[in-house]
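I've put the structures underneath this note.
Both of the next two complexes hold subunit A, though its partner changes from subunit B to subunit C.
What follows is the complex of A and B.
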């Protein structure tokens, strides 16, 4: 048989390409195009302003605050969601915990399944300055000096929001690590046992190298997720007080819909896209993923 | 053979997608047969007003069996955002609530709002019942785009018992007001004047009133007009300083709670003074058992503005350009004298319909407030509806920053000036 032009696989690919184009690539290009215009949701025409919006981006203090907050989000998320989740996963997969592991896995995973709006409302009660659980708890254990209006204080607001995210997301990353650990051939551990390796040694010499690929994927999810974060700060603080817990996505949303400046909002969106793309590229380069298997 | 089946499946998948995309356009044919569907959007998912409107919808549907009303509602700040999104495309609901002044003007500028001047002129029996002065905020270039319904005013509500206990009188001037707050603090009320500063609009209400007290009316009118806005007058800094001084009485808590929480604190008797709308009278009464009175924001003796203007603007209804005839009928029904009278009884907020608020159906406190609104020599619009929203946003976020000591009045004004200069 001669090699024919393979039509079938292309036909099968078309639906997904179609969806990607309509919902991702076309809006992306359109957004880039929009960032050169000045318009709002009411206006029927767009005014071309060239690079004025980009110039504005560099003079906007809020953008700087937002980027800093996004970086804080990324750094703390990497520490908690990559390192803690990996440790948590390897503990759950340890022989000692065989019996209770399934139950614990479910418990850690439950927050992932709850809608973020519900969680944010829940945490706004926890952080409530008058009757919140957190302040009541601190008073109970005699740490009165630490109590504060968590979401109403410009220094603690962003960290309170980040803390909630960690609580919610650690379950998902743990689950991904558990799957990766389960895929490690048992022979490796047996060989390590014969060589007399202890638990910690096995973690560093067997588990860690074997889950490298998953770790990279998780790192990518966490870092890009941190740069795009919107729901948590939007519901908990709406970027406030002042602009102290603003993130790029919230700033973009408010610029577009509250402050009626769609053109500038598109520019902020472009910046967000570039940032997350750059981070993803760096990570792909550094980890040289996909070349091992 | 296998390949052919594969091809077939792929083609089927594709046509499915394309068909799904195409079918959206058929949604527009809303009136199937005789039935007319009206989309109704308001901003009160909370009680008692939600039930009131649900009830009114039912009554209207019963009286007009061919009409079906789809209702949707979201709260205040979210409503502002959602309406902006809806007005930018053709999905604008047939009838929806709107604030007056700039908010209404922005909506009108989209060209998707129905002019109502003809409707008003064609049915004087109905439109004549609406207090004439309240149309102003919905009229642009001599065309009226909205029917005012609720009217409102903002005043300091104070707890009479606490004032008696501490031996205080209602302050006449701003300096006296500060003395009152100091004395309340001395009497053990650590935060005598609370406010939910996470609600940006609550800050804008304060600032609007303060600016009316301290800024010369001509300058204010000039700055409220987006074409001529400059905000170069020194009195704005004084105004912001007044706001900053007031936030020192609100406590640390204020930047972490919303207005509703603040109101509940007032209703529970924990807080002696709170800046509230007359619309909230019934809510305060329902939530607690405090004996309260109110006074307007006191005169600022060395201010250049109006000494006794009342802040408060009407809210009303608008129709979309393509609204069916039945939506007009529904609008008349919503703003009829009967609906208004019932509304006063159920909700307690005052309205602009003559005969809608009477001594019989309003509670005494609300009726007192009604007289204040009718008698006020001059009304000031809500600040966030009076100026361009970007400018208002700088003031509102700046207000939060002032309360936590992150900025100064001068910095805010500087930012506003560079914003309006652009």
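What follows is the complex of A and C.
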């Protein structure tokens, strides 16, 4: 027996399917296709070059620098936003800090709400070599030797950019952990209390296993975010000095829109997509095997 | 059995030395509080600095980083507003408003179909929409630029509105669908018997019942559209049409050393979202949590 399937539901679904097809799925396919061509913004025709762009990818030193920077971004972000944020969240959910926790939660969350361009402009003031807050602070506490032009120095530039990202995003991940901790049934903690478990013991044997799923999701957000990062390095350093703080997305943007080499930029975008997809798949796989235990 | 004995020992030992345990807890409490306070300061001080410096003159910002302004230059704000922020602000309102309206309208319609019917095609459609969550704007940038050029939309506000709608639809649909699934079937069945159309069921039953989740998605999309930077930079060239995030970059280049005015512009850009956070914290947090877990 066939159930009646009226027309309205199909009409309801169409606009969304259309938007996703035109602006998400077609561009993705188109991007793969573009990777095999040579063209610029105003060219009427695309010249087929086969695998030449991919060959170029392997000879491009900037790509290597970018990948290294994206990895640095990912590793530091995981340390701060997974480990530190989880500890912070469990402290804020502890009975001892019940009075101050709501206020602190909002304070830590404020930077998440502020536009990245405001944050990045603010940090270009903080890192300013002459009047910047960071150097002024270091002088104030007598650490003059540590002062430097944070963004103008090719060793410190990428770390300064990464530090700003941590400052902005830690509140978001902390909040996600807090929500997860609040969902843990209270009986588990009560049982641990009866067993005489201390704070640290409770963290490892109750909190940690219970927030495992959230942890994998946060790991996924953080790592793919690090591989795709564009705004922060673009506004603060534009990849400089030299190419020292270049990331894949900034390299792609500059190749396509500043140097007008759209074909090669598409190849870089494809590489970025594959990298983020591979890491996402690995993490999903690992989290699945973890669940079976 | 063994555990029982152990726990008894623990509780005994706890009762024996309540004083030292209390002191330990107290030390832990206060040292942690100091740590939390320092961290709060690291977060708040730069923002506080932005606020007070926005009232300073260039010389004062440059030579006296720490102090409060000698004279409070409120004129920085009027200057910032007149020299461009006003325009960016209106563009941001326009883009954010339309993006939200379209996303929530067609997103809730799709969620209605996806929650009320089950067959092979619906499953495929659902997979198609969830898959959209995995795609990232950075990767699609160049093809999107081509597509928008093809439709003659580059350098219009609609270039932003349409792309924002597309990239926000998957999450919006998933959140609203999850809520729609909890609407009792009896309600729509009795409405059908009363001769109500499918559209009527959506309008009169599902939508009114789902106000909380609609508010959540409105806030999440407002937050996204107000702060989005990449598309706003690439798809819009005329500075008349720029939204606040990309407009601030134009503002910085035009002002050069007028730092007080630039900082005022930054403060104005942040105010709407901070108000949103303070008043609608509950909806926002819930939305972010559900959205990320399902993503």
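As a working rule, the second predicted complex is superposed on the first by the 270 of 293 C-alpha atoms of A that agree within 3 Å, B and C clash if a C-alpha of one lies under 4 Å from a C-alpha of the other, contacts with A are read in each partner's own complex, and residues count from 1 in each chain.
Just so it is clear, contacts are C-beta pairs under 8 Å (C-beta built on N, C-alpha and C of every residue); 3 or more make two chains touch, one makes a residue touch a chain.
Keep in mind that this is a model prediction, so the values were computed, not measured.
Q: Going by the contact rule set out at the top, does A:136 touch subunit B (first), subunit C (second), both, or neither?
A: Touch status of A:136: second partner only.
Q: Just to be sure I read the superposition right, which of the two partners does A:258 touch: subunit B = first, subunit C = second, or both, or neither?
A: Once the two structures are laid over each other on A, A:258 reaches subunit B alone.
Q: On the A-aligned overlay, A:152 touches which partner chain: subunit B = first, subunit C = second, or both, or neither?
A: Only subunit B; A:152 stays clear of subunit C.
Q: Of the two partners subunit B and subunit C, indicate the one touching more residues belonging to subunit A.
A: So, of the two partners, C touches more residues of subunit A.
Q: With both complexes superposed on chain A, which partner does A:8 reach: first (subunit B), second (subunit C), both or neither?
A: Both partners.
Q: Could you tell me if A:127 is touching subunit B, subunit C, both of them or neither one (first, second, both, neither)?
A: Only subunit B is touched by A:127; subunit C is not.
Q: Identify the residues of subunit A that lie in both the subunit B contact region and the subunit C contact region.
A: Overlap of subunit B and subunit C footprints on subunit A: residues 8, 12, 15, 19, 41, 130, 257.
Q: Please give the residue numbers of subunit A that touch subunit C in the complex, ascending.
A: Contacts found on subunit A: 3, 5-6, 8-10, 12-13, 15-17, 19-20, 22-28, 30-31, 34, 41, 88, 91-92, 96-97, 100, 104, 106-111, 113-118, 121-123, 125-126, 130-133, 136, 167, 171-172, 175-176, 179-180, 194-196, 199, 213-214, 217-218, 221, 224, 228, 230-231, 235, 249, 252-253, 256-257, 262, 265-266, 269-270, 272-273, 276-277, 280.
Q: If you look only at subunit A, which of its residues touch subunit B in the complex?
A: 7-8, 11-12, 14-15, 18-19, 41-44, 127-130, 148-154, 237-238, 240-244, 254, 257-261
Q: Which residues, counting only subunit C, touch subunit A once they are in their complex?
A: Spelled out, the residues of subunit C in touch with subunit A are 3, 6-7, 10-11, 13-14, 25, 28-29, 32-33, 36, 39-40, 42-47, 49-50, 53, 61-63, 65-66, 106-107, 109-110, 112-114, 116-117, 119, 125, 128-129, 132, 134-136, 138-147, 162-163, 165-167, 169-170, 173, 197-199, 202, 223, 226-227, 229-230, 234, 244-246, 248-249, 252, 259, 262-263, 266, 269-270, 273-274, 276-278, 281, 285-286, 288-289, 292-293, 295.
Q: Across the complex, what residues on subunit B touch subunit A?
A: Of all residues in subunit B, those touching subunit A are 3, 6-7, 10-11, 13-14, 17, 80-81, 84-85, 87-88, 106-107, 109-111, 197-198, 252-257, 261, 389-390, 393, 397-398, 400-401, 403-404, 406-407.
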